[in-house]
Structure formats: structure tokens, C-alpha cells
Amino acid sequence: MIRISSILALGALLLVGCNSGASNETSTSTTPSSTESGAKLKVVFIPKNTGNPYFKPLGAGIEEASKELGFDYQEQGPATGDATSQLPIIKDQIQRKVDVIILAANSPDALNEVLDDAKAKGIVVVTVDSDLEKNESHRDVGVMATDTSKIGPAQIELLGREMNYEGEFAILSATTDSPNQNAWIAHMMTTLKDPKYSKMKLVETVYGNDEPQKSSTEMEALMTKHPNLKGVLSPTSVGLAAAAQVLENSGMYPGGKKAANGGIHLTGLSTPNQLKKFVANGVITAFQLWSPKDMGSLAAYLGTAAKSKKIELKSGTEVDGPKGTKVKLNDKGVVFAGDLVTFDKANIDKFDF
Amino acid sequence: MKGKREIGLLVVLVVLIAACSFAKPIFLDPRNINSILLWMPLLLVAAVGQFPVIVARGIDISTGSIVGLSAISVGLLVKASPTIPVPMLFIAGGMVGLILGCLNGLIIAFGKVPAVVATIGTLTAFRGLTFVVSKGDQIDSTAIPQSLTSLANQGINIGNVTISWLLFIGFVLAILAFFASNRLQFYRNIFAFGSNPDAAFLRGISPKTVELICYCASGSLAGVAGTMYLARFGFANPGSAGQGFELIVIAAVAIGGVKITGGSGSIVGVFLGCALLSCINVALTVLGIDADWQLLVYGATILIALIIDSVSQRRKATA
Amino acid sequence: MKRPELIPAILTILVVAFFWKISPDFRDVNYLLANTTIFAETGLLAIGLTLIIISGNIDLSVGSSLVLTSCLVAKFTNDGTPIFVSVLMALIIGTLLGTINGLLITVGKLPSFLVTLATMALYRGAAQAMMGPASAKVPQPLKGIDRSDFHGLPYPFIIFVICALIVGLILHRMILGRWLFGIGTNKEAAHYTGFPVNRATISAFAITGFLIGISALLMDSRLGVARHDLAKGIELDAITIVVAGGTAIAGGKGTMIGTVLSWLLIYFVKTGMGVNNLKAEYQLTIIGIILVLSVFSQQIADRFSTNRQRKTTKIEAR
Amino acid sequence: MQATGKIELRKLDIQPLVRVEKLNVVLGGNSILKDIDFALCPGQIHAITGENGAGKSTLAKVLAGIYQPYSGEIFLDEKSVVIRSPGEAIRHGIALIHQEPLIFPDLNVAENVFVGRMPKKANMVDHREAIRRTTEILQRLGVGIEAESEVGNLSIAQQQMVELATAMSEDAKVWIFDETTASLTSKEVGELFTIIRALRDQGCAVAMVTHHLNEVFEIADTVTVLRDGTKVAERKIVDLDHDQLVNLMVGRDISQDHLSRSGLDKVEGFLEVKNLTGPGFHNVSFSVGKTEIVGIAGLVGAGRTEVARALFGITQPTSGSIKARGEPLQIRSPKQAQRAGFALVPEDRQKHGLFPSLNIGFNTSANILEESSKASWISERRLDSRSTEILDSFKTVFSGLKQQVRYLSGGNQQKTIIARWLLGNPDFLILDEPTRGVDVGARREVHQALRAQAEAGKALMVISSDLSELLTLTDRIYVMKGGTIVGEMKSKDATEESVMALAFGGGSE
């Protein structure tokens, strides 16, 4: 009985499939375009994963823009930051006929195919924070933090100033295959060739996989392996927070109980809320980040403009940004959201994200 | 007969440490030893909880999610009332774990759902709950009081080696579990149940009670491990806190010589299993193994440890 | 209740009816079909795991094997291996990885849970060691199988159905299937009865490996790239499908149709939740609850059928 | 026999320790026990007997709190009680000794004895005290087992003693033995009976569930006979003889004739074993001919099962030779043994024979999968028809091939397994305890089927602890002791006494 009914059910699915094959073309062309009917645009933001504090202000930026520009806004993130966890979500958004997808890509290339589908349906794809490195053609525009070529030097300069431009230091990164991290580290390497930094020696680059446990162990190992270590640079917030906790525990931060020859200076990239405690108690002197919120609203402005005004986004195009600004796409189709902000004791309490 | 397996494990541990320190003398540097000692407490506490479950022929795969949910809940609690005394935080973590473990126990003992299935189900369900409870927000370091995080850096100093209070708590719990497993009637009932469940029932041991309490114990110790997580890392993210931890815990218990089919094993073995895994994990970093090769080496080491154990067990059986 | 797979079947109908009613985006057969392409890969793993779980074993390494196979194939194809050869290679590598698991379990006499826990790290570790941070691009001729269809049916879906059919026949109509049921029910008795316990167990793992090979090709073809960090956690999805489909985790009981129906159920639930933008955390919780509830309801159904069987015997015996 | 008068007195004077009134038990919708009245008095051994499925064990299990009555009352010392769980039964002083020893293989003897109620010091388990008290009890029982040894490493008889020690430690007043002798040798049975008599003399009430009639006559004072869940009789042993008891049990006459081979004494040889040595046996030589049933007698642990396992490729002999049909054989696995035309019906049905949760068809046809399939493709119809045919020829009672085999009675399960092996049409059939736990009627049917196989030209080897089985069924008997063969005799010349004399042996080997 059940066997029969289940075979019937499967058969029905197959049958419907065969019938619908013929109507494929019509369904594509009838994809409603909200712009024509004058309805509100549908914008969806897909962060790398839910619960990631960095994407909160970014989402807030988009939400703020939604009030200014009057579009429907939703956030839908995957539970984990795996390479393909965003893929089914993008498929769902295509089916939901959204107009703009703002995506913080988990993978520079695993989403290529599905993003092409989205673009084919007339959806504007804006990447934020993490671009599709070397696969830029699969999205319309990228809104990136700050010029990658500026982040590397700025970080080195920040650490250099703290450690007096001399001594050994190490980098604690996220994963070996994170494009942003690798781009920044590459720029750091070039920066180090500047004679100004000639006395700074990068002893090792290690990877904490953005896991607290692994990052802590790597940080502890760095301190064991390099007794003369004077600085650690962690351009990822999980790594930086874990490293700060390890440093606090060890008391080897500048001014700490066990600090030898000036202690270990720690800096990197993070949202301010995650590190307020360590700035207050002196474990970290200063660290940097751009404004994710500005990035969010800029992405929203670009995406909606491209959709409603039918602007073709290509290098050199000028678009209206938030608050009457004008931004111009560079040769990779990327817009930078703004400069790095350096957070320290003096200003950190003014920020809340 | 008893204890031989533990001695074998101890030998493996010593050989591993010797090999590592031969390859990299700093492996024996006090700082590195501290790093290993900091790896242990969470693992040890969760493994001591997993132990009775496996002895009773079950398995608790939801451990990682319980650690996460407990860490987040305790974080929310301490955020709401920062003056709460530290022991209360451990009790709170234990309570959260107890409730979750109890739920597992009810599903398994009364719902008759196989343990693997039930806890795979709650692994995802509890992780989902963690997001719901935290509204997706991370517990930032600012919220965690110094009095809690200092448990990871202060403790009993022996030269430059520090037995952190966290590890101390872990030791105390393990020693309590050691005595309980030998001297408590109820704990002996767990062994009897694991050795022969039908016979245990006929001897008046209630299988439902045994299973329920095993999962409650596993849950509450995972909950305590959740508070330890906060103390050790100073923050907790609903997505990453405890993620994948269950497999490390189960591996530690299995390497510790606890029969995966139930009925036999010892807390001493579990302790050595935890020590071995902690050493391996720290060794991967300190020996400077290329980041891309670490997972491979880790997998190979576990496999080799299992094979060595199985071969030595068979030798003993034929001898 | 005689057939436990009735439960996923009924649930599937309810779920489809529910989403069909509340969600206009779900009410689109083309979409429902096209979306199976992602899920077909998980389904293939579930088909293999059905054999393994029926034989009283478990394989936690399926996701890692999948990744290792897909990386190897993509890399070699990229280096100029002809497509035909790389397809063959995927199947061989997958089968080989499964066979290694099987050998460790049978010849090494180790519990499958522990062996595959270790190879889960080992296989993914091997993929990472080989690939490093890079990803391998899949060349054009191998790409895009998920967007080609046969009268509206996407090929991955067809492949899944065909594989389920073939493996289902192996399980329910061929000797190997009987061996696996016997081994899963009582390994000792199977040995005494002259069942080739080791060979059959290895075969179950090898077949799963073969299916993993197919799955790896589908994944390569769909994504166009292969990386070491893909398909994380897919093993739990696959096990969830198998177990919710009425296969007993302790072995000796289960059907292929149950796995297929459960695959449909979880597919529709996930698609329905996704297209309605249900938050990821609620999705997780719901899937967990579905797993526990479906197994729980099967237990209850089982108890009823047990009573009935006892009764029949007694009556006939008089 | 001279004790009869005393018993009579006791029965008059003393009120029962346990009594059940109008007991009804329903399991899975079936009425298993109907309106049973039953009492156990102190200082009395009360046998409960009946065919398999008559409800003997169920009655025992109700008293032990394993099953709950549907209706009826249980009185302890004439006070009405409800026994909700095995634990409560233990607390009431009721001990049930099971057919299969109920042990915890991973725990030591002392922990087995005191499981769930270890002696305590300040609420903590006191292992030393447990070991001391266990040693004491073991000494009282007169068995030489170390209290600290792991029970998984003990023999079945020793494990049985551990179970007795457990009940002893519970200070049980009511002792119920459920087919306890099934896995014991006669010597061990003798020792057990000594203990049981001692218990009776201390004023305990003893119930013996058994279908061995000679045991009933040997030890019991009173017997209750059950048939199909109802009590058909309660008699004093002195008022009964063997045939009357059998009639009460089965409700029909069963003849006891010898089943030995008709025809010539000379047989064509089939199997020739020379100086075989392996795990658990050494220098074993014997032969089995076509049309012949050869019995292997001996105590449990004498190496009988071990020889069978080696012949079937489950263990490997270290030296010696096996020849079948005149050709030397190397057997490394059951598969190879099967190819050589061997078959083994194993001793432990549950562990090595049955696929309990699979259906009867699967269980019956498990051996002919390959020959009944084309290119690995199973012809279910062919398997089913052959299974039905052979099961019917054994008068197996079942509701359909799709029924799970675990719901069959022990006798029908055993028939299923014998059927499985006969379907494979072996030339040489080894049966290890073929009728253990099988009731009188079914046993007869099994014996007839085996004899028919021999008549059809097969060679059979039967290992049994039941001497009457060996004497009635076989043509020749080898006796094993201490891992080797100590004697051989023709069945028609043998008596139980002569076989036992060899099995126990006088002097050293």
C-alpha cells in the first residue's frame, strides 16, 4: 500500500517536472520587476553567518538606508560561515524575487554559479566587506572597507609606533584561505620593505581558524616559541579577542605584571565593543577598523540605485552615496566605504558597535 | 588485569611528550606546559561527564551545543547582573546543562529514541536555541568580569608552571568522579547497567533512572564547561562556542580506553585521554606544523592511537 | 503500523500542503525541482549510509571523503586529465576511501564510529594538505550539470533517483542486501551462517564510497570550484535523513524507500523554511525536532506492531 | 523418599510463604496464565512443569516482579502485596535464578553478588567488605571461585554459582529456579541439588521450573503441571509416576522408543579426524560415517563445542588432520566449511543462530541465498516456497514467513535454525545441543527429522548434555573429558551410568 503511494508521489513529482519543463521560458520572462509597478524594492542582506558581531552595524547601516530610501529590508544569514552555506539562501532569494542582494561572501568562488543565476534574473548583487577576489564579474559592485592597499600599511604603522619600530613580531590570522586576510598580509609584507620598518622582523604568520580555542593556543605558542616577541598583529576580530585574553592572562602586555623588555604589543582589526575591556585595562593600546555601518548604507544606496535607475555599474561610474556624497567605482568595480578609524582610550567610548 | 590499559596509555603519553620535546626542546618550556594545561580543563570536565554515558552504552553528541548554550546563558546572566559571585556562575552553567541533559535523558530513557539519534537531534536544536536565547548577539569580553577570567591565569604556581583554578576545578571534579565511580552505589549501577542492561533491570536497577541520570550528569558537566569556556576565552559567540567540541570529547574518552560498547573504563583512563589529546593539539601548533597539514596530522594521530590500543588489547586477549 | 516509512510519507504531504498554502514562492514546481540539485548530493550520501547503518555500522567521514574526492578530481581535471578519465577517477577514489574505512573496521576490528571519526579528520586534512588555501577551478565541460535537465527534471535529481533505485534493489533484492541485514541484526550469527561478514561490510562502505564519487562529481559540476572547506557538516544531514526514514541506528532494520521519502521530507521542509526566510536558528531547531520526533513516532508504531505480531502467532498456534 | 512423611506434616502446619490467587497474566494482548492458584511453603521443593509455552516461566517471572498480573492477588505471608519491579521482589526476599546466568561480565564476582546493594561504610561502597562477604558465601556454597575475578572470564557453571551467591546474599526466603540446570553438566546439577536441598532444610520455599521429568522426581516434593496457561494438576510426587506426569503435561501419550538406525552395522565412512589439536582440545580422533548419528558426550567444558567450532572453521586447529570423503581438508571459515558440505547448528541459539528481529523467511533461507539466485539476484518466490516446505515438514508453528522469528517459541526457533541448515543440503551435520530449551513434543519431532536425514545418507554429529537424548538418538557415542576423547561405545550397549563414568573419569588423564 505504502510502497504504491510513495511510488505514486515520486511519479507525480516526475510528471509535474516534465510538464513544467515546457513552460520554463515563460516563467523567466514574467519575473515581476518591482521597479516597473512602482512597488517597494526588496533588499536582502546575507552576512557571513548569524551571530557575527561585525555584521550587526553593517546591517544597521542598510536598515538606516532603507528608511531614507524606502525599500523593504531583510537580513538572512546562514548558521555557519562555511564556504557554501550561503548558496541555498541565495537560491531562495532568487525565488523570492528580491531586487538587490547584499552579500558578505564566505567564498571567493564557490558562489559564482548561483550569483550568475541571480544576475540573469535581474537581481543586483552587491558584495560587502568580502569581495569575490578574481571572480569580480559574478557580482555587480563591491563595497569594500578601505582600500586594501591602505589597511596593510596602516596596521604595520600602528604596531610599529607601539613597538618603537624595532623587534620581533608575528601575525595571527584567520584561515590560510581567507582572501581579505591574505591581501592585507601581502600588503603588510610590502610595507615592511620600507626602511622605516627595517628593524621590525616578522617571525611567523599563524592561523587561528577564527576559532577561540585554536586562536588562543596559537597565541600561547607564539609567546613560547619567540621569547623576544614584541608585537602581535591580528587582523581578525576573533583572533584579536582571543589573543587579548591570552595576553591579559599572561600579564605580558606593556605594563603588565610579567612584562619583560616593554611587553608584547597587540593590535589588529576589530569592532570596538569586543575590545573595550582590553583598551580600558591597557592590554591593547589601540586598534583599527573602518565603519561597517557606512559600508552597509553605501551598499544599499548603490544596489537600489542600480536597480531603480537602471545605472550600469562598471568601473568609472559615478553614483550618489548617502548624505549627498558621490562615489566612483574603481577599475575592479569596487567602492571603498571610508578610512580606517583608530580606536584608543581617548575615543573608544564614543563608538557602540 | 585492571590498570594495564591505563599504564599503556601513560606510556604512549610519555613517548609522545618525549618525541615532541626531542623535536622541539621548548615543548617542555613552562609556558608551553601552561598552554597544554589550559587546553585540558574544558575537555576534562566535559569528558568526565561523557564517561558515564558511554559506560551506560549511550553517547552524548549534543555536548558541544550544551557548552555553547550554557556559555551564552551564563554570559547573559553576568551581563545582566555583573556583581553575581563567581561560584554562582558555575552553578548557573551547571543548571543550564542539567536542564538540557535532562531533556536528552527524557527523550532517550522514556521516549526510547536511540542515544545517537536523540543527541544528533538536540545537537542542532540546542545550537538553534543558543541563537534564539542570545538574539544572535555575541557576549563580548566587556561583559565578563575579571573575577571569572582570572580563573584561567591565576592558580597554584609550581615554579613557572601554573595549575590554573580552572584546571584545579577540573581536577577536583575528576577526582570526585573517580571516587564516585568507585564508591557510589549509583555509579556502580551504571557500570552494571552498561555491562548487561537486561540483568541490571532484573536485579532491580531501573534502566530509566540510570539513563536519565547519566545524561543529566553529562549535561550539567558540559554546562560547567560552558562557564569555563567564558572564563578561558573571555567571550562567547552563539555560533562558535563549543562548535565541534563533542567530537574532541568523544575522541578523548575513546582514546582513554573506555569501551565504546559500554560497561568498562575508568576515570583515570579518561584523564589520560584528555591529557594526550591536549598534548597533540598543542604540539601541532608548537612544533610548527604547517597550518594546512595540521588536520591531517591530527586525524592520523588519532587513528594510530586507536590502532595501537586495539592491537595491544588483542595481544592481551590472546596471551 | 507495518511500514515505518509511512511516517515521513504523511509528513511530506502535510509539509508540502502547508507551504503550498502559505507561500506563493514555494508554489512553483520548477523551483521545487531545480532546487533538488543541491540536495541530491546529500541524498547520494544518505543512500550509501542506509546500507552502512543497516549493517550496524556508521560512517562519519562521508563529508570528508566527498571533499577529498572533489578536490582531487578538480585538481587533476585542471591539470589536463581528460574528462572521461576524471569521472572514472572520482568513482575510483571515492570507492577507495570507503574501502579504507571498511578495511580498518573489519580487518582492524575497530568500531566504525571511532574509525570514521578519525578518518573524518584524516580525509579532510588530506584535502587541505593537498590544496592549501587555493581552490581548484573545474573546467567547462564538467560544469553545469545542475542546470541541464531532461524534460524539466534536473540531472542530479535523476541520478539520485536512479542510484536510490539501484542501491535499493541491491539492498532488498540481492544477496548483499540480505547479508547486510543479517550482519546488522546479529554479527555472530551471520558469521556462523557463513555470511562473508568482512566482505559484505567492506562492500557497504565501498558502495557508499562509489556514491560519494558521484556526489563529488555533482558538487564539482555545480560549484565550478573545489576547496577543502566545502560540505562541512553534511554527514549529520545525511545521517538525519537515513534515521528519520526509519532505518534503525542499531542496524538490521530499514528500507531504501524510507530514506528516499525522508529525503523528500527534509528537502521540502528546508526549502519551505528557506524560501520564507525563516531565521537560521529556527531552521536548526526545527530540523533537530523533526529528527527526534520522527524516530520517536516510529518507536511507538513499532510497539503497536510488535503487539500485533505476538497476537497473530498465538492465535495461529492454537 | 523417606522424607515424605515429614513433608506432609510441614504442609499441614505451616502457612505458605507465597501464594497467588486467581492469577491472570496477559502479555501483548494474549492471555498467558489463566486463573492460577499456587502456593509455595517453607521447607518444601515445588516443581512447576509443563510443555514449552505452558506458562511456567511466566509464573516465575510474575513472582519475581518482571511481569505484572492482569488480575489476581499475590500474598506474602498471607498479606496481599503488589510486586511492581524485580527490585521489589528482591526486597520481599524472592530470588529468581535464571536459565541463562544473569551476570555482569565486566564486573568482578563480589560486585556481581552485591550488584545494586553493595555493602557501605559511611554511605560509600565498601569493596573490601563486599569481597570478604562474597568469599564467605562462596565458601558456604563450596565453590572455588575468587571473589575478585572478572565474571566474564568464568565458565557458565561458575557464573550460575555467582548467581546463587547473589540470592544467598539477599537472604532470600523464596527461591525460584527457572530451568537452571539447562546449561549445567550432571555433576554440576548434582552439586546444585545439594545446595537446593540445604536451602529447603533451612526453611526456604523453593520452586523449580523444569521440563526435565527425572529432575522432578529426583528433587521435588510437590509438582504443579501447567498446560496452555492453566493449572491442570498439583500432586505430591509420591502419588505420581513418570508416565502419569507425562500424560498430565502433554495430555497425550508419548512413547519413548529408541530411534537408532535401522539396517546394517557397517557404514560407509565420511569424516575422519586424526589427532586434531586446537583451542580447548587436543589429540582428538574420531570418525563419522554416512547414515550414522554419532553422539559426543561429556561435561560442559570438556571440549565438545570447541571441536565442533574447529570443524566448522570458526577457530583454527593447530595440528592434526581432517579428512572428508577421503580427501584432506583445510577449513578456515564457516564459508569454506559450508562448501565442504558441513553444517553446524550452534549451541547458543540466541547468540550464534538467530537473526531475532528479521523474519522467519530470512532466517530459514539464509543458507541457500547463493544457490537460489541468479547473478546475485534473489528469487524470493523460490526461497519462500522452499522455506515453507521444510518448515512445514518439521511441523513448525508460525503465522507466516514475514513474521519476526523472535516471536516464535524456543522449539520453533530451533526448528527454524535446523531447517536453515538442512536446506543447504549438507553431507555432514553437526548439532550442538539441538534440543536445549525445546519441549517434549517438539523434541520428538526434531529427533525424527534428524534420523530421517541420516537415513537419507547424511553423516550427523550430535553434541548433547542430555544423556537420554544421546542414548535414544545416536548410534555411537564418543565421550570427551578434559579436552580429549576418553572413550567410545555403541549406543545400544551404553547406559547413562557407563557414559557418566567415563565423562567424570576415575583417575587422571
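By letter and in written order, the chains are A, B, C and D; residue numbering begins at 1 in each of them.
One rule holds for everything that comes next: contacts are C-beta pairs under 8 Å (C-beta built on N, C-alpha and C of every residue); 3 or more make two chains touch, one makes a residue touch a chain.
A quick note: this is a predicted structure, and the numbers were derived from the prediction, not measured.
With steps allowed only between chains in touch, the distance from subunit A over to subunit C comes to 1.
Listed by label, the chains touching subunit C and subunit D alike are B. Looking at B-D and B-C, the interface holding more C-beta pairs in contact is that of B-C. Using mean Cα coordinates as chain centres, the one most removed from subunit D is A.
With centres set at the average Cα position, the gap from subunit B to subunit D is 45 Å.
Measuring from the averaged C-alpha position of subunit A to that of subunit D gives a distance of 72 Å. Annotation: 30 Å between the Cα-based centres of subunit B and subunit C. Subunit B has its Cα centroid 33 Å from the Cα centroid of subunit A. Annotation for subunit B: residues 127-128, 131, 136, 292 touch two or more other chains.
Of all residues in subunit A, those that touch two or more other chains are 50, 79-80, 176. For subunit C, residues that reach two or more other chains under the stated contact definition are 132-133, 279-281, 283-284. Across the assembly, chains come into contact as A-B, A-C, B-C, B-D, C-D. The touching residues of subunit D, when paired with subunit B in their complex, are 64, 66, 85-91, 96, 98, 102-107, 111, 115-118, 120, 124-125, 127, 150, 166.
Partner subunit C is touched in their complex by these residues of subunit A: 1-3, 5-6, 9-10, 13-14, 16-24, 27, 44, 50, 74, 76-80, 82-84, 87-89, 91-92, 95-97, 107-110, 112-113, 175-178, 182.
Interface of subunit B with subunit C (complex): residues 59, 107, 111-114, 116-118, 120-132, 136, 247, 250-251, 254, 260-261, 290, 292-300, 302-303, 306-307, 310, 314. Residues 27-30, 53, 312, 314, 333-335, 337-338, 344, 346, 351-358, 362, 366-367, 369-370, 373, 376-378, 380, 397-400, 403-404, 407-409, 420 of subunit D are the ones touching subunit C in the complex.
Interface residues of subunit C facing subunit B in the complex, by the touch rule stated above, are 58, 104, 108-111, 113-115, 117-126, 128-129, 131-133, 236, 239-240, 243, 248-250, 279-289, 291-292, 295-296, 299.
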